[in-house]
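Shared between the two complexes below is subunit A, which has subunit B as its partner in the first and subunit C in the second.
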Partner chain A sequence: MFGLKSDCILDIPEEYYTLADYESAIARWCPGCGDHGILTSVQRLCSEKQLAPENTVFVSGIGCSSRFPHYMKTYGFHGLHGRALPVACGVKFRRPDLHVFVATGDGDCCSIGTAHWIHAIRYNMNITVLLLDNEIYGLTKGQTSPTSSKGTVSNTNPHGSILPPINPIQTTLGVANASFVAQTVDWNPAHLYATIEAGFEHPGFSFIRILQRCPVFQKELFQPVINNPDEITLLTHKNGIQIDPAVAKMYKHTVDHDPSNLHEARELAENLDRQVIGLLYQDKTKERYDLYGAHNMGITPEEKQKAINLELDKFAV
Partner chain B sequence: MKDNKSNGGQKTLIKKTTLQQHIIEIVSDSGEGAQKTGQSMGLISAKMGNGVWTVEIIPAEIQPPARSKAGASGIRIRIGSKKVTNMGDEADLVVAMNEQVLYGRIDQQAFREGTIILLDNKWANHEVKTIQVEYAESLKDLKSRGYEIIEIPIEQESMKHIADPRKGKNMWVFGMLCFIYSRDMEKAEAQIKHVFRKKKQDVVDVNLKLLRAGFDWAESNLHFQFDIPVMQTQEEFVVMNGNEAVSLGTISAGIELCAMYPITPATSASHHLAECFQNAGGLIHQAEDEIAAIGFAIGASYAGKTAITITSGPGMALKTEFIGFAVMAEVPLVIVNVQRGGPSTGLPTKVEQGDLLYSVFGQPGDTPKIVLAAATIEECFHFVILARRLAEAFRMPVILLTDANLATGVQPFPRPKIDTEWFASPIDQSPWKEGTPAFDWDEETGLSRRPIPGQKGGMYTLTGLAHDQWSHVAYEASINQIGCDRRSRKLASFLQSLKPPEVHGEPEGDILVVGWGSTLGAIEEAVDMIREKGGRVSSLHLRFLSPLEPGLKDIFKRFKKIITVEINYSDNANDPMITRENRRLSQLAFYLRAQTLIEVDCFSNVHGQPLRPGAIVAMLEKELTLVNGDELVPA
Partner chain C sequence: MKSRPKPYVFPEYCKGCGRCIDSCPKGCITMGKEVNPLTGLIPIELSLDQCSGCGLCISACPEPFGLRAQETEFEFELTDPKSFNGPRPKPLVKPFAIPGEVIPFAQTESLVTKGTYASAIGALLAGCRHFFGYPITPSTEGAELMAKLLPDLDGVFIQAVSEVATVNMMYGCSGAGLPCMTFTSSPGFSLMLEGISYSIGAELPGVFVNIMRGGPGLGNLGPEQADIKLVCRGLGHGNTHAIVLAPYTPQEMLDLTMLAFELTFKYRNPVIIVGDGYMGQMTGRVNLPKTMIKPGIPEWAVYGDESHRGNLICSIELNEADLERNNIHINNKYRQMTQNEQRADLYHCDDAEIILMACNTPARMAKGAVRELRKQGLKVGLFRPITLWPFPIDLLKPILSHTKQIITVEAGNGQLEDELRMALSHHNLECPSIDHVRRFGGILPQLKEIIEKVISVEEVLA
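Let's turn to the complex of A and B:
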């Protein structure tokens, strides 16, 4: 543990983890909330990948989606509004042995935590980030969010919001050192799972925006695209998200987008006529701060003592 | 007295005086290297065995206008035969690169009648006429104030060896001071080699040449010399500033992560750590902001690698929400606050002890945590190690208060004997016993064992929401009472291990001075001076501010008057509209009154200067008359 016992890696797993091993308290999200499906998808991923619950950490901020860790039977950290990413990076920095996930919302990530979001992309630590984006503040009961479309009627903009929204995918693609950017929807379990899995497998900071239904404050928001998949563009590529052809067939509009093509990814992200789902961008070779974080671990107490004494020598009288 | 070597046919008689202690100042425009000279002077003096204390004089801007009062940049070095614990009162000898910066120091009452001022005379023949005039007039004025002015061709002599005097006259001055104070030139040369170790050999060579030139010039031209005999000791000493001590304390505490954001005057601790971590194992994370810095540190601590974050007032303000979180979620963490002048951005480079009440009480809701304050540079080292221990044992953040005075001050102290036990994680790494809650609070002490990610069976979700012992969100609000009780009880438990503080001086008397933090040396020197004159004054110095050390009420009762001496704001009792009822007291006085229900007076200011023993003596003399005068008044 803690990287102190290197022989741990030779241990043969004695347990097989089933879905139930990741299920904690009954989720208290509203009936019909998109978060339920995302939770199931994540639990399935943990089981498929046989992640030891004790070596898995879910970090979140504040908001409806940030209750996520409480419903996982892993280690969890339900922190402060907007601050999930610095905490998650701190967890990972000297504990490369842990699988770290972040569950965050549109207010949490794209408003109060924006600075951390931008810098976490740049740090590119091996963390899977799920942005559960319902384009509204739910927990505080219906205020405009930074991703709410212009004209959204909310408690803070009763006559409709007046500013254009932040486009999280566009923003992420604009930050230096972005390495994995994908978008999916909560109502297509196959695509959702495949996207989260690809993000988990990515060696670096995987940013996944999940369009998520809020049946209370954004009842009609995604109904048109759910009823009519033609409103969505599916990204298909041999290096992209792989889903069952039967599911893919639902989508009339597809683009064979190579995820290494950043320029095209940005163009796709900026297209507001139709939401895209799939892998927009991936580069496994970007600089990773977590590798730096783990670089001088495991120095023995004797070596440490020697190093400190050498430092003290410089101040010796 | 001795005959000096021949100098142009003339023989100079040099009078050598032996001193117990002397206060030297070097003042200049910013960027002329005065601090480097002073630090070097302090370091070689400490290495020779002298007691030393240095204080940097730092203007607010990086490059303030030249020849201006506000631009005075430099350093004070107090050297003594015995241990020196504070910066002392007025300076005895000053080296000034121009006359204008002297006025910045005169405003601070830094000099006395008879202070020797060695002044660069290059301004006397400056090409700009107004400067010549300014210089001549100032010279006249300075003499009329009773200072002993000696004009020195500092720049002229330095330029014999170097083209840009801004890059070299400081080392010429170092040489001159080495002669004046009979310093060991071998040590001075070694110091120059150390200072310029990252520079090319020719830079080292020219600075060595300047050192020697300064020394030789002084030997040939000055008529006086001082000697400050050294202490004889077998003990090994180290000499460093408070930020370096915090840094070395951090690696010695076994901490392997410092998450920080640049802020004056705290940052140099992290600079030093960044170098030391390389071989000792550990890393600095320079976060995107102060909030992210503490969040990152808390993440690492939660994951079993107790971390440190080092900051100053404005940074503390930004960290507020996370400090509250760490208390609520019982995450161990070491927070160092190198206090500077406030409020708001305040006086970034100047000393203040203004964050006491913020640290103890400054978060929304009830946030019991341990707060301790280092009083010496030695304590800056050891208290980080202590802070980590306490943070982990009591599962809470620990705030260590230092200040700008300690951060840049240099003082020798016994070399710490590094113990490998300091590095060990006290966390029990065995598998978590099934059915044990994440907060298995002991009802009496509030203490509980902490599960760490990786620990089988210990899975739980930490939360800043009110929670029960399983860390489950409290849907029953009354659960909050239990959590608050348990967290508060940890402080009471910790208090069981503390002893009442020691009183400096007699255990009873007329006045008891109470202080905390970097004012220790000045307070005790002042108390000793008063006691020598027969005044019945004692002092005590608090290291633990939360919880407050035990037994204070009993100690206070043995004195007629209790006065805190602090560097933070209080209303003067004689100020307009100020009454006994509405007077806003300094922070420790306010806190002690609340805790002991004893009348506590205060003496404090926010001049941005370390306290001087002389000012405390003057205050105490006045107070003694009042205290003893009161006795004469019939009840």
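Let's turn to the complex of A and C:
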């Protein structure tokens, strides 16, 4: 109401984090890069949710998008190319008290990191994963990525790419134990924010693919969709992503998709004519590996002693 | 009631999985104690006193001939398989090589181009038509040129999903006996080591160009020479070595790439080319050779044609004696490489008392320093190893008698110096005094620092 954010409310709680508490170095992404907007959304989420910076971790791989942790004044881990997820899973496995976010790119996640991606979906740890998908390798200056659409001209496919792209949403929906799969776009801040928020609230592995503009190496890629929202299908449902009706009105094509319907989610993901945005699938009851990882934390020294003796006694002579 | 047959075991078909042991209700079957010399596995043992002939073990055995019923009567006649299909259309041939050709290359004007491009052009002239790679700065331009050219040259360019995929694509391609290569940079090279070890074990060629960047870890994109230890001493697991070539001009990027393809097939062993980041980016004049290569297919290749049938590529040797023999054979190849392939460039070394030792871009600075210092009348020379492994000790030996001081110049923490020291030690050569100029983090040793170092050393010597 009145466009007021919680920052403006006078009833200040004791511990209060403002946006500035999450802003670190000036982002070194190119002007017009979609990553800027995503960063702003995430910083806003942190302050809206009052996430203590010391209890929040951003993990990434390598790529333009993976510079994300440098720009968050939280804990950060800028890992190896393709390996953000094993690191993030490690953090969550033994520190369930921390809020763990992952920023990864389409090359990082869907090429060199694919094996980790598939298994992280199955582990279903309570992590929020942002796939910043510009359908190109940005940092290495313009090579084909697994999500580049067929015919993409790049430095490694000067005559146009040959293969149909991987659809990260379809892939994620196909993996056992997937629990939260959503898609959004960097140029609709309301939808972007609402989607990241829903992912953050989800108890499990929330996979959010964000279509991200790269004005340098994919100049015109999303321009037609930005100019013409009719090219997008908005998923609306009472259990889906909730956005202001004024924003929702932009989209002519909508589907009232129940996110518990995996079958329909897969069909929507396979729809090649129009990109869908919204929550495709959610199931809060899937098994979570991180709960197992923490189950034995804080046992007493006596219990440890007992366990060791039980095993070593077998070797006693 | 029909008497039921008791089981018997074919020891050479039993893999010792033990499923029959669990299936026997009478406990007649135990795990054996002796290794079967034919299979290297331990077959089970039967003691049939209690056996009721229930046959459960026979159905539990996953091997078609592991356990059989004793009283089964086999009734069959052996038929010669030849008679099924008639005579072979063609006789079996032993694998043989299809020789390559050297073809004249039309004279062209020299090019002005960057190091990675020069290397890619060298590979094409050496007959390489198969490129596999994963983008990584500062090596990617070489791959990008291949992506442009290979489709028009009846060749193959594949952007792999990672460096691990890259090296295994190369493993397959070189298994077919075809020249193939990749461009990568330090972190990517690290990921290729497992596959390189397999290639060495399976005796396969392959050219790896590692444009080294600043490390450790992701480091930066600046030039460093900090992978020298890795390429000379650390090519994955096992007793591995490969010839390592270190170019110092775009011209050498081309020439040494062509040489690399020759050597990699000569020895059936990978060859590594290392250059610091500047070596990849540096632009210079490049003259093209007068000939180029149309490669053949070696007789060992798994090529999929009649002249290569029956070949098998592998790096597994389960039998210890075989693996030792294989290692001795591979070590013999290393010895031959060490005897035949040492290369170095000696600049003003004939009367030098102080020898600068450097490779890649730092050798250019060192050469500049030699020029300057010679003008001042100092007896300084540059010894530039072109093969880092094998270290060109035979070329260094003759000038050691008048060398009072060696100064290594490196963008790294002394890895070239370690190669030098190891070579001196292996040859029981008296180690002259060794000093160094070292920079890190993507900063190269500067002309001024080298000159200052030489002058300070010269003062001590005088």
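The criterion applied here is as follows: the second predicted complex is superposed on the first by the 303 of 317 C-alpha atoms of A that agree within 3 Å, B and C clash if a C-alpha of one lies under 4 Å from a C-alpha of the other, contacts with A are read in each partner's own complex, and residues count from 1 in each chain.
The rule is simple: a residue touches a chain if its C-beta (ideal position, glycine included) is under 8 Å from a C-beta of that chain, and two chains touch if they have at least 3 such contacts.
Fair warning: this is a prediction, and the values are worked out from it, not measured in the lab.
*Asks:* Does the subunit A-based superposition show subunit B and subunit C clashing or fitting?
*Replies:* Overlaying the two structures gives a clash between subunit B and subunit C.
*Asks:* Which partner does A:80 reach: the first (subunit B), the second (subunit C), both, or neither?
*Replies:* both
*Asks:* Look at A:307 in the shared chain and tell me whether it touches subunit B only, subunit C only, both, or neither; answer first, second, both or neither.
*Replies:* The first partner, subunit B, only.
*Asks:* After superposition on the shared chain, which partner residues are touched by A:296: those of subunit B (first), subunit C (second), both, or neither?
*Replies:* Only subunit B is touched by A:296; subunit C is not.
*Asks:* State whether subunit B or subunit C is in contact with more residues of subunit A in the superposed arrangement.
*Replies:* With both complexes superposed on chain A, more residues of subunit A are touched by B.
*Asks:* In the superposed arrangement, which partner chain does A:286 touch: subunit B (first), subunit C (second), both, or neither?
*Replies:* In the superposed model, A:286 contacts neither subunit B nor subunit C.
*Asks:* With both complexes superposed on chain A, which partner does A:237 reach: first (subunit B), second (subunit C), both or neither?
*Replies:* neither
*Asks:* Under the stated touch criterion, which partner chain does A:157 make contact with: subunit B (first), subunit C (second), both, or neither?
*Replies:* In the superposed model, A:157 contacts subunit C only, not subunit B.
*Asks:* Looking at the overlay, does A:146 come into contact with subunit B only (first), subunit C only (second), both, or neither?
*Replies:* In the superposition, A:146 touches subunit C alone.
*Asks:* Is A:44 contacted by the first partner subunit B, the second partner subunit C, both or neither?
*Replies:* neither
*Asks:* For A:114, using the defined touch cut-off, is the partner it touches subunit B, subunit C, both, or neither? Pick first, second, both or neither.
*Replies:* A:114 sits against subunit C, while subunit B stays out of touch.
*Asks:* Do subunit B and subunit C touch any of the same residues on subunit A, and if so, which?
*Replies:* Residues 78, 80, which sit in both footprints.
*Asks:* Residue numbers of subunit A touching subunit B in their complex, please.
*Replies:* 1-2, 24-25, 52-55, 57-59, 69-70, 72-80, 83, 85-95, 97-98, 115-116, 118-119, 292-293, 295-299, 301-305, 307-312, 314-317
*Asks:* Where on subunit A does subunit C make contact in their complex?
*Replies:* Listed in rising order, the residues are 62, 78, 80-82, 111-112, 114, 137, 139-141, 143-144, 146, 155-159.
*Asks:* Note which residues of subunit C are touching subunit A in the complex, please.
*Replies:* The touching residues are 134-137, 140, 143-144, 147-148, 151, 157, 159, 161-163, 187, 218.
*Asks:* Looking at the complex, which residues from subunit B come into contact with subunit A?
*Replies:* Per the touch definition, subunit B meets subunit A at residues 46-47, 49, 194, 236-240, 244, 248, 251-252, 254, 256-257, 259, 276-283, 285, 287-289, 291-293, 295-305, 307, 321-322, 325, 412, 415-416, 418, 420, 423-425, 429, 451-465, 472-473.
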